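What follows is subunit A paired twice: with subunit B in the first complex and subunit C in the second.
Moving on to the complex of A and B:
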């Protein structure tokens, strides 16, 4: 480079006193000439700060709304990544919560209108939804990356439990929100929660002896068959939900299943497939 | 020095025997596994990567037994595994995917984890693709991303199931450069269908057939199995042996000498075919 920007020209450029065509000429020269570029006065602190903001924006993956909510609930950032990273989990969250809400709405309005069949259907089907979510929370075939996940040090019962808890927790919380928001007597929007909790904990307890989705099939199927048969036989199914005794029974059974799960939790993920 | 000991490893899938009592010692450097489909390569790698429990026999790596839960976790801390079908989430960006696997590998501290993700992205030459979703990456880029996740946490043992599949020649060359560099300080076990990969990368090659080891030695020794069995001739040999017409219009024959056949230096592929191909039975015995 044979020509450099003179001190006077630089001053005029820096203070914005040049006409546009000369500004463009100096700009073009600065891009090509490291010597003159070096002479441009720089606020180092400002530059460093801007650069680190850019780096952060480029390097850190975007956190979506669900992740921010979980972080606000007090979960550490790495745990949130773990929970929100499984697409199967996310889809099952969306699907189950949306379905639960839709069912709650339907039940509330048809309940008012006296459509007892739909109400009954809600009470029978709603507890199975979180069980479906649990079935897709961990392991193949719901997780296409399971082969990689399963061979990391974090794989194992605690990861399976964390994921299952997350999906069950979200489905239950959404159900509760629906119960509060919806009009009408509301007991049937709440009444499925304990049966659902019982089915989920029992599924996880049974999953210590067989694959998760088989266990989910056993309890989900048993529930549907049992309540379905009761409904078809013409018996009144609703006392099974709104009687305090029945609800206490669900709770007691869930506590028992939780005890089994606690004792046998190490077998929840055998570590290596056979 | 042996890092991995495989003793009498057996695995069956119903009536099919995948591994039939395999014994193998693996030391530092790059070891290649060759063999036809169904020879047991993937089963062996899955067992070593703690994804699959064998029916019989045992594995010991770094003195750790993966059949014991605590030791299995410790082994996983030192392991990088690229499965044949990694199943990388298509809606994740390259960065987010590696970030997720890094959490699974116990890198809980966010700034350290980010630095590690950037390091492996640069290692496989994907730093420009950090924000691109897996769905939009080319096949070769996905394969490199698969390798990148195996490199997270700088593991001492790398288990790579067909790492060069789906790569074009230039990408394969980059891959070879990376893997051979890794092999200088680590133990790398990889399976492949490419005999060129073995020649270019591996100090040692193990050939499996029907769950058994049929060869263990250097790539040169594998090629030497076909010494004096590869011929070039101007006319097509009148035999039932394997031959083909090469680009120069000459006939390359594997097996007994055809009329006017000139001996040729065998390639690794020749040695491999002698071992397993149709000529194997009459040639090896």
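Moving on to the complex of A and C:
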């Protein structure tokens, strides 16, 4: 390097008083010469502020993969964050649901009680899993973040419905995988979907009149009691699933419940104590 | 950044070279990024300010630059370019994309980064000696719009397309101007 940028030259450069060719010379020189780069006067206040912005961005937690996928699907970031804070979408919850379903599948293959019984048990229990997820999707005491969530503008019925949709989607998908793995006639994989859907929608519809957990208890309990009683009394439970009439009935009831939910959605229990 | 390897083996200090600092940054060490920032932000700011009159845009470009360094430091090894030149190329591209408006973070791609930073171009070497020859006078006599093109491509390491974006002209115009600028320089120097 034959020359260096003097203080005067740099000042002229910085204030834009140089000929274009000299500006270019200083540019090229700065890029090549560490000494002159180091000699550039430092505005400490500016430097600290700039660094603090960089540091904030570097230290902010990375968005998780699931959140990124949802964002790519077009959901706004705040909504994604509130959805991913759903208790029923936590790993512990997902793991326990997966474990229950896995036990059912394993039992169906190895159980002493006979595959038939286990399959029926599966059909009876599977529809209740999404309902449980819905019951814990929003509000105290299931959601430890509820106090914070409640202060967001999205809190209330709309968030309760968003979360319910998310958890029902996830738990039904898991149930479907388990059902496909289950030995037995192919229709088993699909037969429980409509009852599950019906139970979820009617739980939400009833939640417009009473707390969500109570509503979930009513329908979950009614389903278990009804099918359980049928099974214990020795009657054949399977027609309740594979009869077209029964399935059509579930569908009709679900549509009716959905209508009730749509009309009364503003009264959906937001989980607050009243 | 979760899940990134953190190596605490060699301490980084003010005396560490840029290359050492970059490899420490690749190992997710914030301290190294701080040193790099403090070492390079001031001259980047002065140089970017010659290209963009809005100090907020320049500041944002510099912050983006060091975030990109934080993310991409592990890529630096592959290019083998001088660290300052590598950082400058990132900075000027960030400035160009900031001028393009939000939503478009990157222009070109890593392939162009490598192509433009591996070695100083002949023009750049000539520019270093501009003080001593008649090249300075020739550059000064170039029409401003032609000179701006030479500056953006030869000096800043931008592609013609990025230069066009920086100067706010269509790509075709930029190409023609660059050709005219070269022809003109040849004429002035002969």
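One rule holds for everything that comes next: the second predicted complex is superposed on the first by the 170 of 274 C-alpha atoms of A that agree within 3 Å, B and C clash if a C-alpha of one lies under 4 Å from a C-alpha of the other, contacts with A are read in each partner's own complex, and residues count from 1 in each chain.
Going forward, contacts are C-beta pairs under 8 Å (C-beta built on N, C-alpha and C of every residue); 3 or more make two chains touch, one makes a residue touch a chain.
Bear in mind that the values here come from a model prediction, so they are computed numbers and not experimental data.
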Partner chain(s) touched by A:43 [first = subunit B, second = subunit C, both, neither]: second
So, does A:210 touch the first partner subunit B, the second partner subunit C, both, or neither? neither
Is A:13 in contact with subunit B, with subunit C, with both, or with neither (first, second, both, neither)? second
Look at A:263 in the shared chain and tell me whether it touches subunit B only, subunit C only, both, or neither; answer first, second, both or neither. neither
Subunit B versus subunit C as contact partner of A:28, first or second or both or neither: second
After overlaying the two complexes on chain A, where does the subunit B footprint on subunit A coincide with the subunit C footprint? 58-59, 61-62
In the complex formed with subunit C, which residues of subunit A make contact? 2-3, 10, 13-14, 16, 19-25, 27-32, 34, 36-38, 40-43, 46-47, 50-51, 53-55, 57-59, 61-62
Touch list for subunit B against partner subunit A, complex: 46, 49-53, 66, 69, 72-74, 76-77, 79, 81, 83, 85-89, 91-93, 95-96, 99-101, 103-108, 110, 113-114, 118, 130-131, 149
Give the list of subunit A residues in touch with subunit B in this complex. 58-62, 76-78, 81-82, 85, 87, 143-156, 266, 270-274
Which bits of subunit C are touching subunit A when the two form their complex? 1-2, 30, 33-34, 37-43, 45-47, 49-50, 59, 62-63, 66-67, 70, 82, 84-85, 88, 120, 124, 127-132, 135-140, 142, 144, 147, 150-151, 155-156
